[in-house]
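Each chain gets a letter, A, B and C, in the order it is written, and its residues are counted from 1.
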């Protein structure tokens, strides 16, 4: 039985998405055939068949995410029964490459280890920070000759105690009082009684044997290096020691919104359950986060779209434009007059977008997709209509590029085609406002003391209160209503169209 | 024993090795008919003929690659790159082919190529002709790098380099070509990877190579007049360099000054100093001083250029610092 | 050509094609890492060019070298083991896919730097000329290499010194994703070489074994006779992307399908059937034997292991200096 596994299509790939199987169980296949389309972190590639036979079993269906190396199907050779496809749990699954042979850590030093120091390094007498420096050789000499360095004045640069000072002391002479580097002397005298200042990293490093990088990391992660046991040479504290300690400190994590809900328990005969596909789960996570984090507020107005609908019919001969396209154009014009709504809030930062990138919610049989029409401020109504339609087509056939899906600065969603009278959409980040467009209902209103019937279309703004205030939203909505009710301005060229010289 | 120039010593080494081994061949720009831009290869075309001594077009990368291929074909080529500065044109062939092939092919080939390159500044030749490029080769595993300071060493080390089965970068200092010194008759190839103590002393160790060895010796003379005895160690081979001789010396003198013509950043002196710290830290009575070339491309103006290159007073000043 | 010779051509091509397919499979299973460039589609170029070589001739080539190595006589088991990074590989796992090497069969290396092997071919040619031998050097490279500086230096020197090098340019029309039209001011590699370096040039259908070997025969004879280098531009196509990570979106499906109709393997099979009326069973027997040989290669590779880290510093220097 030939095992078809999720292939490793790029060096960085760890999981892949089966987009679509091109074969089904029972199909005959040959070496070189394409079994499925698979998406890696970089591109969509064809999954090649390397065996002749019959597809015995497909273990993961379309739209599923599978780890690299996991079995996704079995191919039975001629004469082999399909039943020979054992359950993956029964067989030892192919270990992902990372586990196969644990790579031993590379040798830290290049070349043979250096020969040991000529004399065994004795442990130096403990010297606190701020006292005079001592050369390594002088330190060794002092140890050998039994001289207490604290009793010697250094004559080297910066008041350093060097060999001749130790030798002089050993010979019974008074330590040479004149340092050959005069400017350093006052510092040395002062340094004898150091103020109890916070220890600088360099000083700390002298007391605890710790790798400098490890010390920086310890400070960053709030780990007290003095409490660590070093696993490096001679008990030195290494980067690994600090990182292990840092990981052991439980971080205060925000609760995941899902966890707050009790899980749904049921008997097997009550319901069927399946793992939600990748896209579904991603969508669920994002929508939950939006509702959970962003403080939503809603304001609604009705607009009389009788004139708008008439205009729509007029332009039908030249180009098809839907009510949504008109609304998009109106939103763009309104945003130009109220640019503050074209901003986003993110973790203490205000992001002011340079263009108006309209997000438009599209219903496809793959689920809800928001396509993004970039730089809508440059587009006339006809362009908006044409480009939006092209994007919708792409969304429906799964061909949107990354740019066409990202950073909507203002999102439009329309449920009017389903006769919905009013709804409050969930904000689609990074848009600060998401507008929900409802159906245009014939509605009686009072005008000039008479009752007339208008086509009243309600629009609701769902606003991110972190960056949009009630008054701002209300002013924006007023402008928008006016544009919707008198759409002449929407049919001309956008005002910032570039003039060719 | 005769006194011959550094240039002639190299010429003799080439001649003797080519006489001894028919697989030794020599090629490069203007090495044959013109007898070399520095006249190092004088008389060799006449003696050995065009089959073994020939001129190439101006194609440094191909010159090195051709040497590599000829070595694969069992020859022992000694190509010349007119100056070390032009080696930059051939860096891919040197660092990414010649240096790595033996290792990457699992030891299945031997590449006994010796590339001769004159280098060094101080002659108002401008930035593009004045690099000390040894660092790039010394940094690269798979190469051996040799830089003689004396005529005797030039001859003995070139013979050794040609006979060695590994790729050797043989650097010569343009300023030393006329320098004359004693070279024993029938001198044998010197061992690669061995430094030489040219002057014994007890107060500090001065480590140098190439033209800087002579600067170090001059500084040692000046220091001696003040009663300071400096020990001068000439590295001779830069990769692999003789850590034992250098650190034994510092263990004895407790102070070190390292001199290089090239700029200090990630240089030979940095490598030597760091190793001294690692190996004989407890013997040190002062931090190590490096005396390096200025960290600029070399200018044309005469005095300005000289200010970029270490001279004896610079080494003496560094010595006084470590003795303070 | 005789029947047994043609069957050998068929066998070699099946072996090369089959090996590359196995490599693709093993790479996707994560057993082969790094860059991996497959030769599928170009078999007629290597088989044809090498057909008239003697064992003592040299071959050097690019990083697309699995086929060169095997067709020159290298052991497919040691090739697969090398791709797995194991010590049993031809280079002890230190070279990998791009750096196969076997001096016993005079395959003097796969090289990863585009054009970097060209001066090395010149050096090998010089060594042959120096020893007054009548050996030849085949140097394989792609269309992309013909714009590299050192390529021009090498071609110039080979022509200048009349060295016995046969330059085989595999013009598969793309250097990764850049087509010849977008990379070369002079789209004809042969014309470019001829105008600058004054040597005999051939343009040949690289998907046709017969044409390939015929042209190579002349070029190799020219070299052996001491008349100097020749240049063969073999127009061919690689069926797979540049490497295992290349989805090859710069080529249309129609273009790939067109070149698949000129697949050298069905062509040679048809030619053999036409000339010698060989039954399908005989071809199937060859296919089976090739498959078994490749199964064995994979098993051999799987059973091996990497060099332990304490052997990291081996093979750096010869007789340490």
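By definition in this document, a contact is a pair of C-beta atoms (placed from the backbone, for glycine too) under 8 Å apart; a residue touches a chain by one contact, two chains touch by 3 or more.
If you're wondering where the values come from, they're calculated on a predicted model, not measured in any experiment.
For chain C, the chain whose average C-alpha position is most distant is A. Contact analysis places B-C first among chain pairs (by count of C-beta pairs in contact). Here the CA centre of chain A is 44 Å from the CA centre of chain C.
Chain A and chain B, compared by their mean Cα positions, are separated by 52 Å. Between chain B and chain C the centroid-to-centroid distance comes to 40 Å (mean Cα coordinates, whole Å).
Annotation for chain B: no residues touch 2 or more other chains.
Shared interface positions of chain C, i.e. residues touching 2 or more other chains, are not present.
Across the complex, chain C meets chain B through its residues 58, 60, 89-95, 99, 101-103, 108-109, 111, 113, 116, 118-128, 130, 149-150, 153-154, 156-157, 160-161, 314-319, 321.
Chain contact summary for the complex, chain C toward chain A: residues 21-22, 24-25, 27-31, 33-34, 244-245, 247, 249, 305-306, 308-309, 312. Residues of chain A touching chain B in their complex: 114-115, 117-119, 121, 135-140, 156-157, 160, 162-163, 180-181. Chain contact summary for the complex, chain B toward chain A: residues 243-244, 251, 254, 275, 278-286, 321, 324. On chain A, the positions that touch chain C within their shared complex are 5, 7-11, 31-32, 42-45, 48, 50, 68-69, 94, 96-97, 101, 104, 106-107.
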